[in-house]
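In what follows, chain A forms one complex with chain B and a second complex with chain C.
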Partner chain A sequence: MTDFLEVLLRGLGVGSVYALLALGFVIIYKATGVISFAQPALMLTGAVVTSYVAPAIGFMLFTGLTFFVSLGAAALITAVIALIVERLAIRPMIGRPAFVVAIITIGLDIAIRVVASGFIGLGARPIPNPWGLQRTELLGLRVQERHLVSMLALAVIVAALVWFYRYTRYGLAMRAAAFDQEAALTQGVSVGSVFAMSWAMAGALAAIAGTLLATSAGVDRQLWIVALVALPAIILGGLDSLEGAVIGGLAVGVVESMVGSYQRDLAPWLGNNFAGVSPYVLMLLVLLAKPYGIFGTPEVRRV
Partner chain B sequence: MSTTTSTPGAGSSRPAARRGHRSRRPGGRPHFYRSYGQELALFNTRPKLSGVGAIILVALVLPFMLADNLLQTLALAFAFAIGALGLNIVTGLAGQVSLGHAFFLGVGAYTAAAISGDPDGRTIGFGITNMLVWLPAAGIVAALAGVLIAPIATRLRGLYLAIVTLGLVFIGEHIFREWRDLTGGAGVGREAATPELFGFSFARSNALFTTDQNLYLLMLVLMLVFALGARNLARSRVGRAFAAVRDRDMAAEMMAIDLPRTKLVAFGISSFYAGCSGALIYSVIGFFEPSSFNLLLSVQFIAMVLIGGAGTVAGTIMGALFISLLPTLTRELPAYIPIISGSVTETPNVFQLESILYGLLIVVFLLFEPRGLFGIWIRIRTYWKGWPFSY
Partner chain C sequence: MLSARNLEVVYDDVVLALRGVSLEVPEGKIVALLGSNGAGKTTLLRALTGLLGIHEGAVTKGGVDLDGKPLHRTSPEKIVKNGVRQVLEGRRVFVELSIEENLKVGAHTARPQMADNLERVYGLFPVLAERRGKVAGYLSGGEQQMLAIGRAMMSDPRYLLLDEPTLGLAPLMVEAIRDVILEINRTGTSVLLVEQNATMALSVADHGYVMETGRVVMDKPAAALLRDDDVREFYLGLHPGEDGRKSFRDTKHYRRKKRWSA
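Showing the complex of A and B:
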């Protein structure tokens, strides 16, 4: 039982990072109606920026502060990069079919990723952080500290997002634009700046997620593949649901960690490293039953 | 499909005798279609017929003029073009975005390799090296895989479908990596199918041709066959149903087009092309391993279709040739631009430039020329048609 709960906690820790990534996807999807396949590249960029900023600002009071300051800086820088990308490549495409824009983001993803990988070098770049792979005791369960940090980060960010969407003018504008772009325009909402803001927010979230992911083994060129796991998460939750993204992300994390721990004994015929593809299998199974995810709005089709 | 001005229906009711009389005067009004049948014809204008004929003639002469390594690149490009034609059917024609093309390519490649493989070898093999057996088999098994996926795919629209097919690539990669008896396992790989026809091996030089000339001609002929098939499909009832589904699926449904069935057929045919393409690509290269069938391969095919011109056969082939020749072009760059290095270890190197170009070309074409290379050709054609007037 302890073993099971520890696996569950580990899953929730990894899942929190997936949830952060999934939130980025959903924010962009809600605002612009497009899935941004550029998120993996932005995540890699964020992690790379942290790995450069953290050593540069050096030792600041204690390592935890250094980590959080560089995390903030990376989120900011990545948000600016996302803004530039949105302005140059996405804004001119307003009104074009969603899949065309989605494919543009694939192109952007490749281009940005190559540039970001160029800064990594051959090995992995370490991200200085006070936790490493240390474990701590929590109610008799052994948990990695970095997983606790991820869960905490997710909780803080979700709270901030709820506040932002509910109580700020910009949040209201984003909700209005997501509901009906033309109606929002007539009410004086600048849909263009809503697009920009959604990309900036998604970029910042991706940077935070990337940095949290890279605290274990450093930033390497394969890190971006992890970001794609957020896609099954948003499909599970439904493309346009923020709470769905969080639940989907956590669910994917838990499933992955469960499969990773128990599949070797229960179903060895599935092969090594099946945990890595289990989110995609889960996604296929869920879509067989519910084509619009668990929390997604079914598309209403009118003639 | 064609942008040439047409008068639909006009002339279809004319007596056959008059039509016969007119067709004897080629000089008359060559740019107007005089019957519905003519508009739908494979070569609906005379310049198209002579143009395609000339290009095929040039392509047949090329192997005697080019260096062998360039010929091999071109042979590969033709094999890639077959796969791109398949993706064009499902994405360009039927409007279903598929990021899972690499998976079907892998299924085809492994089927062909298993059928033609050495029975006593390290990996599964049945020792039937005749191409007439393994090529259709590769296509059919891949098509079956496509039909198996279709029940999930046909229920989904747009971006949901893109993500599901993306998941397919990861699941496929896992299966290929783990099924060591078939694939040799990650990092090891296995030998591919041998291009052999009734004992005549294309992968060996003979009295007349070198290996690369052989492969070039084989791939050229096969690509032409597959291209003809794709073009004819587009002109058929099924092809028009695909286009209707792409343009407005609800309107298509109103016209009694069975959506799930049409999408299933589109996936099946597209996967057939992908399977054949996978078998052929690796029979040129000779050896392959499971990690080849990754997301990048799928994206390359998307790039071929979009850069070439979605929905057009000629454009797709142009796109496939362009993307396949891109590495050859970028390898030449370090000689002209000194900051770009030719080695992997230095940072601005040709390999990075190549990947960035894939990405940026997709973006630039979609932003500025959504009809792709084919659109550029249309522009040139219209310009010279109206010359010296601007329209």
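Showing the complex of A and C:
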């Protein structure tokens, strides 16, 4: 039983990072009606930025503070990069079919990734952080500290997002624009700035997710592949649902960690490393049963 | 004064929707704009509030002025900031948001005065105040129209453009909307009222315009329009004959007369 709970916690820890990535996808989709495939590149960029900022400021602060300051700086810088990308490549495409814009984001993803990889070099760049792979005891369960940090980060960010969407002027404007752009325009909401803001938020979330991911093994050129796991997460939760993104991300993390721990004993005929495939198998099953995801709106409109 | 002068609007580079429309909304007045479907009333409103762009339309000649300053190259959000607001046809409330959230979105450009305006709108529409936390999609059609108007009042506009506010509403609701329009006007907001319900529109308006196929064909004080034989026949459904019946010859007369010389 203890073993099971530990696996569950590990899954929730990894799933928290997936949830952060999935939230970025959903925020952009809700505001613009387009899935942005540039999220993996932004995630990689965020992690790379952290790996440069942290050593640069590390001499004056102690490790914990260094980590969080550089995490904030990375989120900010990546948000600015996302803003620039949106302004240059996406804004001129307003009004074009959604799939055209989606294809453009694939191109953007490749371009940004090449640039970001150029800053990585051959090996992995470490991200200095206070916990590494250390474990701690929590109610008798052994759990990696970095997983606890991820869960905590997700909780804080979800709370901040709920507050933002419910009570702030721009949060309300974003919800209104997602629902009816013309009606939002007549309220004095600038739809262009709503688009920009959604990209900036998604960029910041991607940077935080990337940095949290890279705390274990550092930033290498393959880090972005992990971001693709956010796709099963958003399809599981529904493309246009924030709570769906969180639950989908956590579910994918738990399934992956469960399969990773138990598949070797229970179903050895599936071979090694089936855990890596399991999110996509889960996605296929969900698509067969509920094509719009568990929390998605059945009639997804194109905005 | 909000005015359009010789406005020509083209959709998709080919469809000529307005052909030289001039119209004035003086400060503090109610102006009615009548016309059948496809006459260009909504296009005119879009030109006034900068919404042509998202419909692939463009002003090709003439322009829109607010107090003598050109407005037609301004973005929709700037126009709202300048105090010109439109209530779209078909209400278009954000049905997934609560009533209060709808009103708060309406206050996007006037956040500092939000508390005062919220009080004022709730005073204008007590039914909204009672249900402020409820989801807007569950309101009746008339209540949604009230919400749409209230939402527009949240930035305290100087000019309110209403596109068919009584569309599909019960007669009692039409009365209520009419009273609200008068009340809004009394507190200093000029109103441009686009309506198919000519009786209601002319009963509150100071001045009236009649549009047909992209042109203004009549431009008279509302009282004069109410007396006009053509308006009485085509828009108010009142026939001059004693028994209210018409012969075929009169129908042909109708067709001929429908082409007013502008």
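To be clear about the criterion, the second predicted complex is superposed on the first by the 296 of 303 C-alpha atoms of A that agree within 3 Å, B and C clash if a C-alpha of one lies under 4 Å from a C-alpha of the other, contacts with A are read in each partner's own complex, and residues count from 1 in each chain.
Definition applied: a contact is a pair of C-beta atoms (placed from the backbone, for glycine too) under 8 Å apart; a residue touches a chain by one contact, two chains touch by 3 or more.
Only a predicted model underlies this, so the values are computations on that prediction, with no experimental measurement involved.
Novice: So if we stack both complexes on chain A, do chain B and chain C clash, or do they fit?
Specialist: Chain B and chain C fit side by side in the superposed model.
Novice: Could you tell me if A:169 is touching chain B, chain C, both of them or neither one (first, second, both, neither)?
Specialist: Touch partner of A:169: chain C, not chain B.
Novice: Where does A:190 make contact in the superposed view: on chain B (first), on chain C (second), on both, or on neither?
Specialist: second
Novice: Is A:134 touching the first partner chain B, the second partner chain C, both, or neither of them?
Specialist: neither
Novice: Applying the document's definition of touch, where does A:181 land relative to chain B and chain C: first, second, both, or neither?
Specialist: second
Novice: Taking the superposition on A as described, I'd like to know which of chain B and chain C A:2 touches: first, second, both or neither.
Specialist: A:2: touches no partner chain.
Novice: More residues of chain A in touch with chain C or with chain B?
Specialist: Of the two chains, more chain A residues are contacted by B.
Novice: Look at A:239 in the shared chain and tell me whether it touches chain B only, chain C only, both, or neither; answer first, second, both or neither.
Specialist: Touch status of A:239: first partner only.
Novice: Considering only C-alpha atoms, give the closest distance between chain B and chain C in the superposition, rounded to the nearest Å.
Specialist: 17
Novice: Go through chain A and flag every residue that touches chain B in one model and chain C in the other.
Specialist: In chain A, no position sits in both the chain B and chain C interfaces.
Novice: Can you name the residues of chain B that touch chain A in the complex?
Specialist: Against chain A, chain B makes touches at 97, 151-152, 155-160, 162-164, 166-168, 170-171, 173-175, 177-179, 250-251, 254, 295, 299, 302-303, 306, 345, 347-348, 352, 355-356, 358-363, 366-367, 370.
Novice: Touching residues of chain A toward chain C in the complex: what are they?
Specialist: Residues in contact with chain C: 95, 169, 172-173, 175-176, 179-190.
Novice: Quick one: which bits of chain A touch chain B in the complex? Just the residue numbers, please.
Specialist: Its residues touching chain B are 34-35, 89, 92-93, 96, 98-100, 102-104, 106-115, 117-118, 122, 228, 231-232, 234-235, 239, 270-274, 276-277, 279-281, 283-284, 287-288, 291-292, 299, 301, 303.
Novice: Over in the complex, which chain C residues touch chain A? Could you list them?
Specialist: Residues in contact with chain A: 49-51, 54, 75-77, 80-81, 85-88, 92-97, 101, 104-106, 108-109, 111, 151-152, 155.
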